[in-house]
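Both of the next two complexes hold subunit A, though its partner changes from subunit B to subunit C.
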Partner chain A sequence: MAIKQNLRTMKWAAWLGWQMESNWADPFLFIVYSVAKPIAGSLILVVMYTIIAQLGGDTDPALFSFMYIGNAFFMYVMLLLWHVTWVIHDDREHFQTMRYIYIAPFNYFIYILGRTISNIVITTFGVIITLVFGVFVLGVDIPLGAINWPLFVIVMVIGLIGIMAFGLALAGISFITAKHSMGMNEGIGGIFYLFCGVIFPVSVLPGWGIAFAKILPTTYWLDMIRRTMGVGAGVDPALAGVSMTSSLLILCISTVAISIFAVLIFKLGDYIARSKGLIDMTTAY
Partner chain B sequence: MTKYAVELKDLCRTFKTRAVKGTRKKQLVTALDGVDLRIKEGELFGLLGPNGAGKTTIIKILSTLLFPTSGEAKVLGYDVMKESHKIRKVINMVSGGESSGYGLLTVDENLWMFTQFYGMPGKVARKRIDALLRIMELEEKRNVKVRTLSTGMRQKTNMIRGFMTDPSVIFLDEPTLGLDVNAARMIRKFIKNWIRAKPERTVLLTTHYMMEADELCDRVAIINEGKVLACDTPENLKRLVAQESTLKLEIRLVKDIRAFENIKGVKHFTYDHNINAGLTKLKFILDDDAIVSDIVSAVPKSGSKIVSVEKVEPTLEDVFVTLVGRGLVNDI
Partner chain C sequence: MIFEDYEKPTWLRMNLRAVVGRAYPRIIGANREPSWVFFETFLPILAVSAYVYFYTAMNAPDQFIGYVIIGGAMTAYWMNVLWSMAAQWFWEKEMGNLELFLIAPISRMAILGGMALGGMFTSTVRALSTMIAGILLFGVAFSLHDPLMFIGIFVFTMLALYGMGMMFASLYMLWGREAWHMSNLLTEPIYLASGFYFPIKGFVHILGQPGFWVAAGASIIPITLGLDAMRQVLYPAEVDGFLPLWVELLALVLLTGIFLILAKLSLEHMEKVAKREGRLTMRWQ
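After this line comes the complex of A and B, so read on.
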């Protein structure tokens, strides 16, 4: 009964999310935008790689693959950190439906998750375009036959849960902060970008940076993505010593820890917001 | 033990407001100051009070949007602090005077989506939505995007959203605020019929229109500055001031309103100048009918002439004026 209701909530929240995403006046523009954005991101990466290579005199194609995969999959991180908070902001300020959503007898986590699904699908589309563009235009070598698909899928799911949990914690905070929370999310996204081995190996960070990187689940997630795909793996000396099993184990444990932490933060944010009367506030700018 | 639909015990709520520019200190605003109320199942109960009285704060606490600062609030026996999830299953809430809704969805889509969030079976949901759209005369707008609706229609859509889940207790915060006369009348009629259809249904509505409270409610609590001043049926409340009588006077625009001050036997008086019509309307609440002549003789002293005199039955407005010493709204 509860599961059925949660699935129903998820379905209609996802439907709502999709209505918002596809609410473009011109579907053609929507598609162009969805394609152009990831390709532009890839081209920026080429520029960055060229600069790094010239500075370091290092033109290892494995490094480019490393960067390319990190950049492509990091799109999920930026999306989820940003979007979960956006849902709250949008319901509260824009549609003024927050109070009615809030008092509905459903699981709010499921609602938020549902609202995010269509964005995950669109982002997946963007990631695939980025990878295809990388293979055919930039010569990134992705050996499709060698990918460990089952493990890849498992890693993807665990990774997305972990990032989603981060988003949820931020959403809990945005319950009480309203205005500046979108900036905060970008800041946190930036920290992940620097410390999780997205476009340069963790090993180039100072000692404390490496230590910090090694407690972030996203570091292991990206590492495991590279390993299961067999692309750009082993480039990072800081992680090369960790075995595949250990890496997966750490990913699982840290994801569970992050999820518990996120739910607690969310509940705390919810409690404070309800104490201070901020649930349905509008800042009216 | 009787189960109350709503039970408030010494309910208090304060808000810290942001420090005003130039000052450091945060202000502490008292929205509710020890409210005690018991609303029985099946009652159509009204909270009547001016702006800022604390009506919305009560509604928010009961609909699980806001915690009390102290005291107790229960809905159908469930505590708002500890049993929100149980409360949410049996209530709904609609606030007037706002334009909420997913503008990019149609009326029907907005409503349908909420029935799904409430776990309503599809057939029941469809039937209820259809019936309510018909009652609210929104049938031909069902496939229209909400963002293109007028404020009144949006409010009706919101009303349907609240009622379609068939809540045991519904909270309506100024349901007719900003609506035109016809729409407001339709909504009032709907609320009356809705509560009559099933004896266990309870409505708590807030309003600052005394007419609305008088016409609709089984019982009314008069609330001002976070305190309940009186709570009874409209008839009994009016009886509070019935031994006093009310005199309405229309006179030519006065030169000196002070002529009417300090007349013995006048409990309160309010006035309203209508410059365009060249008239002043006065309303007196009297202890004793005998002083009508004193008032009439004060008219020439004020530099005016009588246009009409009328003795009226007391209204809830008069009750409010008697209790608070000023009018609910600015009109007479």
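After this line comes the complex of A and C, so read on.
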């Protein structure tokens, strides 16, 4: 019974998220937004790379593929972290509907998960557009036939669970912070962007940075994405010695650990917010 | 005090009070929630650092790290204009404050000016922390030979930028829930077009003559010329500026005048349209 109710909560929360993302905007604006934003994000790096290549810098097509794939899949990290915490901020501060949703007879945690599902769909659309743009316009070679699809799907699912878990932990913190969700999302996303070998090999970082990168699951997730796709893999000497099996094992263990940690943080944030009467505070000055 | 004894303040005094009154909650509110210092100073540096390491991975010339730091610092102001000024006008409507602003006997620009002033406080802290981190962590060295020119460029960039923000705000008065998409749409594409992380002249080197027109088109956004001019002042020997420095300063002065006039006209026009169409106090649309 509880499972059925939770699934129904998730389904309608996902529907609500989708309506808020797509149906509340003009269709033309939504399409432009969905296409232009991810492509522009990638083109910033492409222009940076091309300028340095023209100046005779140390550029290499393998580094370009490494950067392009990493940046495309990093959209999941940035957008999911952003959206999971933004749900709290948006419902509480802008629409001021959180007090009503919160007392509704369903699991609020499941509601947040449901709202995230629509963002995964939209982000997937953005990632595909970026990859297609890379293949047809920038000449990034993605051999579809050579991709290890079963492993790719497994890695994607585990990775997305891990990212959602991080998002939920941040959502728990958002319960008790003022209007800083945006800075927090951006900043925590920045930690992953800097340390997880997204646009440059981890080996470029100082020693302590490499050590830190090696404890972050997203580092292994992105590395395995590249390896299963056969694009941009092997560029990073810092991860060259880590086998596929070891990476998968680290990814699984760290995802489980982070998920437990995230649920605890979420519950703690929820508890503190209720105790201090912060559930429906407004700080959007 | 009876009504007849009340001495109505002058127009200027009333509007100055409105500016201070709207800036006050932002500055005081920020001090009451000190956690923003962490979110707005330390965390944004991380994403900027990723771009620094991207250049480092390609052995880019040293000044490019400085370009990224300057661009990263200026993102604070762009984000502030987009989210805390233009989009804020929409949220004020949603929260029911807009009608109070509009019945007050003060200029709309005074309220927006107050928002700008209050928002600039946190943005400046964020920008300065990025600059300081660039100097301390990455050894970025600037040479400020012409401080007056730098101050002039910065001041007119801010005036033009916030003038544009006021103009955007008038559009957000009409826009409904897609305001969120619009602000998002104006993030990465503007980072790309305005050259936040690379010199804008790069478009000319990559695309030739069409690149010149891309950069010229992007110069409508004041921060494009502001960034290029700041880089020219701080790296007089190395930077390859898009236009001569004095031309960029002159363009910024012109843009300031144009945007402030357009903002006034646009705010008046949109207010009339919104009143005619009954959208001024309409919420949740």
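In the analysis below, the second predicted complex is superposed on the first by the 274 of 285 C-alpha atoms of A that agree within 3 Å, B and C clash if a C-alpha of one lies under 4 Å from a C-alpha of the other, contacts with A are read in each partner's own complex, and residues count from 1 in each chain.
Criterion: a contact is a pair of C-beta atoms (placed from the backbone, for glycine too) under 8 Å apart; a residue touches a chain by one contact, two chains touch by 3 or more.
From a predicted model like this one, the values you see are computed outputs, not experimental measurements.
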Checklist entry - Just subunit B (first), just subunit C (second), both, or neither: which does A:L205 touch? => result second
Checklist entry - Thinking of the overlay built on chain A, is A:D280 touched by subunit B (first), by subunit C (second), by both, or by neither? => result first
Checklist entry - In the superposed arrangement, which partner chain does A:M20 touch: subunit B (first), subunit C (second), both, or neither? => result both
Checklist entry - Counting only touches as set out at the top, which of subunit B and subunit C does A:L43 meet: first, second, both, neither? => result second
Checklist entry - Is A:K267 touching the first partner subunit B, the second partner subunit C, both, or neither of them? => result neither
Checklist outcome for this item: Chosen between subunit B and subunit C, the partner touching more subunit A residues is C
Checklist entry - Touching A:Y33, do we find subunit B (first), subunit C (second), both, or neither? => result second
Item to check | Which superposed partner A:R8 touches (first subunit B, second subunit C, both, neither) | outcome: first
Checklist entry - After superposition on the shared chain, which partner residues are touched by A:Y102: those of subunit B (first), subunit C (second), both, or neither? => result first
Checklist entry - What part of subunit A is shared between its subunit B contacts and its subunit C contacts? => result 20, 95-96
Checklist entry - For subunit A, which residues count as touching subunit B in their complex? => result 5, 8-9, 11-13, 15-16, 19-20, 23, 95-97, 99-106, 111, 274-277, 279-280
Checklist entry - Residues of subunit B touching subunit A in their complex? => result 15-16, 60, 63-67, 85, 88-89, 91-93, 95, 98-105, 109, 113-114, 116-119, 161
Next on the checklist: Residue numbers of subunit A touching subunit C in their complex, please.
Outcome noted: 20, 24-26, 29-30, 32-33, 36-38, 40-41, 43-45, 47-55, 57-59, 63, 67, 94-96, 177-180, 182-184, 186-191, 193-194, 198-201, 204-205, 282-285
Next on the checklist: Which residues of subunit C touch subunit A once you look at their complex with the stated criterion?
Outcome noted: 25-26, 29, 33, 35-36, 39-40, 42-51, 53-61, 64, 79, 83, 88, 91, 94-95, 176-178, 181-182, 184-185, 187-189, 191-192, 196-199, 202-203, 205-206, 284
